[in-house]
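Look at the two complexes coming up: subunit A is in both, with subunit B in one and subunit C in the other.
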Partner chain A sequence: MTSRAEELLTLADDELILGWRNSEWTGIAPFLEEDVAFSSIAQTEIGHARAFYELAAQELGTNADELAFDRDPEEYRCAPLVELRLVPDWARTIARHWLYETADAIRIEALKSSENEAVAGLAAKIDREEVYHRIHADMWARQLRASPERGRFEGAVAELWPYALGLVEGEQRGQLCSAVGRETVDAVERGTHTEELRPLWEEMTMVRRSVAGAAW
Partner chain B sequence: MIWEVFRQEREGQPFQHAGSLEAPDLVFAEAYAREFYGRRDESFALWIVPRDALHDVREPYVAPVFDRDYRRVDGYSLKVKLKEARERVGAGHAPPGEGGA
Partner chain C sequence: MVTEERVWAALAEIPDPEIPTVSVVDLGVVRAVEVEGGRVRVEFTPTFLGCPALEVMRDQMAASIRALGGEPQVDVIQDDSWSTDRITAEGRRKLRESGFAPPAPREAAPPTLVQLETSAFRCPYCGSTETRLENIFGPTPCRSIRYCSGCRQPFEQFKTI
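== the complex of A and B ==
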C-alpha cells in the first residue's frame, strides 16, 4: 500500500469512527437544537470519511464500502481517541470534539498543499465545511469553560490530551500544542486499538454482514 | 432565549420568516440558525432576531374601520356599477342576452 493510500485510510477511519461516536448522541443530546446540530456534524464527518475512502479505493482497486466496512477491526487505522465511547458524558464529548477539530484543522491545512490534485481539492472542500464544526466546538468549549462546572470540562481536556496528540505526527504536534495551549506529553499513539473498537465495528457492520455480498 | 429567523432565498430577495429556535446567546443562535435554515445551501443569508426585539402590530392599530376601497386600484368594480346603472334605467333597456333585474 502506498503511503498516500495509508494516509487516506487513516483520515477516513478517524472520520468514520468519530462520526459513529458522535451519532450516538442523536436523540439524547442536551437539548433539541443541539441534537440536530450534533447529528448533522456526525453525518458530515461520515460524508468526509466517504470522500477519503473513495480516493483510497481508486488507489487500491476496490470501493469505498469495502474499505469502510469489510476490513477486520485490527486493520483500521483510526486513533484511539475516536474509539472511546463517551456517551452520556457531554463534557468529555465536547472536550474530544474541540481537541479533534483543532488537530483536524492542522492536518487538513497541510493536505491542501498536497502535490496530488485530488487530495488537495478534497482537503479544500472539507476545510470549508469544517469551518462550521470549529465554530461549534469553540462555542461549546467557551460555554463549558464559563460554567460553574468548568472543572468537568477542563478535567476531560486534560484526560484526552494524550489521545489528541496521537492524532497527528511530527511538527503537527507542536502546532497542536500551540493551538490548544498545552505542553506536550506522552501521546497515546496510533497502532493499537482500544477494546472499544471491536464492539463498535460489530454493531456498525451488523446489517452489512447479515447478508454477505448483497447489493443494497 | 427565543430567536426568530428570517431567510433570504436569493440575493436581493426580501427576507422571510422561517421559524424560531431556542439558544442561550447570539453565537449559539447563529450556529443553530445555520443548521436549520442554511445547512443545505437553501438560503443566501439569514437574519436572527431575539423574539422580544420584535414588535407585533395588529388590530386595532391596523384594523379597517371604514370601507375605503376607493383608495385601491382594484377598489372599483365596474361590473357592479354597470348592473346598478342598468337597474336605474330600467330592465327593458338592457342589452339582449343579459338577465333582467
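== the complex of A and C ==
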C-alpha cells in the first residue's frame, strides 16, 4: 500500500468511527438541540470519511463501501481516541469532541497544502465544513469550563489528552500542545485498538456481513 | 440532437430532493457541461460532503441526459470549488419563498460563533431582522435553525460555506 493510501485510510477511519460514536447521541442527548447537533456532526464526519475512502479506493482498486465495511477490525487505522464509547457521559464526550476537532483542524490545515491536488482540494472543502464543528466544540468547552462542575470536564480532558496526541504525528503534536495549552505526554499511539472497537465494528458491519455486497 | 443549451435547460428542471423548489442549477452545483457528439459530461460539485441527496441528484442528472438521447458521464468533483456564494439570485429568491433564509455571503475569514449570533438574518416569513440563532445544526448538514421574535416562528437558515 502506498503511503498516500495509508494516510487517506487513517483519516477516513478516524472520521468514520468518530461519526459512528457521535451518532450514539441521537435521541439521548441532554436536550433536543444536541440530538440534532451530534446527529448532524456525525453525518458530516461520515461524509468526509466517504470522500477520503473514495480517494483511497482509486489507488487501491476497490470502492468506499468495501474499505469502510469489509475489513477486519484489526485492519482499521483509526486512533484509539475515536473508538471510546462515551455515552452517556457528556463531559467526556465534549472533551473528546473539543480535542478531536482541535487536532483535526491542524492536520486538515496541513493537508490543504498537499502536493496531491485531489487531496488538497478535498481538504479545503472539508475544512470549510469543519468550521461549524469547531464552533460547536469550542462553545461547549467554554460552557463546561464556566460551569460549577468544571472539574468533570477538566478531568475528562486530562484523561483523554494522551489519546488526543495520538491523532497527529511529528511537529503537529507541538502545534496541538500549543492549541490546547497542555504539555506533551506519552501518547496513546495508533496501531493498537481498544476493546471498544470490536462491538462497534460488529454493529456497523452487520448488514454487509449478513448479505455480502449489500448496498443501501 | 443533444446540445449544451438543452442539457442546461434539462438540469434546471431537476429539484434538490430536500428543497424541491430549488433546482440543481439554482444551487450552483453544476460546474460545467460539455457535449461531444452524443456524449455529455457534467461536472457536479457537491454541496456538503455528507449530504444524502448527492446520489439522488447525480442519478437524476444522468437520467435527464439519457432522456435527451445523450450518454451521460456525471463526474463528482470533490474539491473546494462550490460555496454557498454559487447559489444563484433566483435560487436565493426561491429559498426565501420556501421558508429558508439564504446563506450570508462568504467572507475571507471563516464564520465565528459571535457572527452567527449577532449578524442580522431576515426572517423569510415576516421579513423581521429580530431573529436569533437557535442551533448551528439543523435537519440536514446545510442548515441552521433560527427563531424570529417578530412572527414567533422558527425557520431554517442555509449555512454559509
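What we mean here is this: the second predicted complex is superposed on the first by the 213 of 216 C-alpha atoms of A that agree within 3 Å, B and C clash if a C-alpha of one lies under 4 Å from a C-alpha of the other, contacts with A are read in each partner's own complex, and residues count from 1 in each chain.
Here, a contact is a pair of C-beta atoms (placed from the backbone, for glycine too) under 8 Å apart; a residue touches a chain by one contact, two chains touch by 3 or more.
A quick note: this is a predicted structure, and the numbers were derived from the prediction, not measured.
Student: Please determine, from the superposition on subunit A, whether subunit B and subunit C clash or fit.
Tutor: clash
Student: What is the contact status of A:Glu195 with respect to subunit B (first) and subunit C (second): first, second, both, or neither?
Tutor: The answer is neither, since A:Glu195 touches no partner chain.
Student: Is A:Ser40 contacted by the first partner subunit B, the second partner subunit C, both or neither?
Tutor: It touches subunit B and subunit C both.
Student: In the superposed model, does subunit B or subunit C contact more residues of subunit A?
Tutor: Higher number of touched subunit A residues: C.
Student: Classify the contacts of A:Arg128 with the two partner chains as first (subunit B alone), second (subunit C alone), both, or neither.
Tutor: A:Arg128 sits against subunit C, while subunit B stays out of touch.
Student: Which partner does A:Ala118 contact after superposing on A: first (subunit B), second (subunit C), both, neither?
Tutor: second
Student: First (subunit B), second (subunit C), both or neither: which does A:Asp186 touch?
Tutor: After superposition on chain A, A:Asp186 lies in contact with neither partner.
Student: Kindly classify A:Phe31 by the partners it touches after superposition: subunit B alone (first), subunit C alone (second), both, or neither?
Tutor: A:Phe31: touches subunit B, not subunit C.
Student: I'd like to know which partner A:Gln143 touches here: subunit B for first, subunit C for second, both or neither.
Tutor: In the superposed model, A:Gln143 contacts subunit B only, not subunit C.
Student: Based on the A-chain superposition described above, do subunit B and subunit C contact any of the same residues on subunit A, and if so which?
Tutor: 33, 36-37, 40, 132, 135-136, 139
Student: Help me check something: in the complex, which residues belonging to subunit C touch subunit A?
Tutor: Per the stated touch rule, the residues are 48-52, 78-83, 110-113, 116, 134-141, 145, 159, 161.
Student: Can you list the subunit B residues touching subunit A in their complex?
Tutor: Contacts found on subunit B: 21-24, 27-28, 31-32, 34-36, 39.
Student: Any idea which subunit A residues touch subunit B in the complex?
Tutor: 31-34, 36-37, 40, 132, 135-136, 139, 142-143
Student: Which residues, counting only subunit A, touch subunit C once they are in their complex?
Tutor: 33, 36-37, 39-41, 43-48, 50-51, 54, 118, 121-122, 124-126, 128-129, 131-132, 135-136, 138-139
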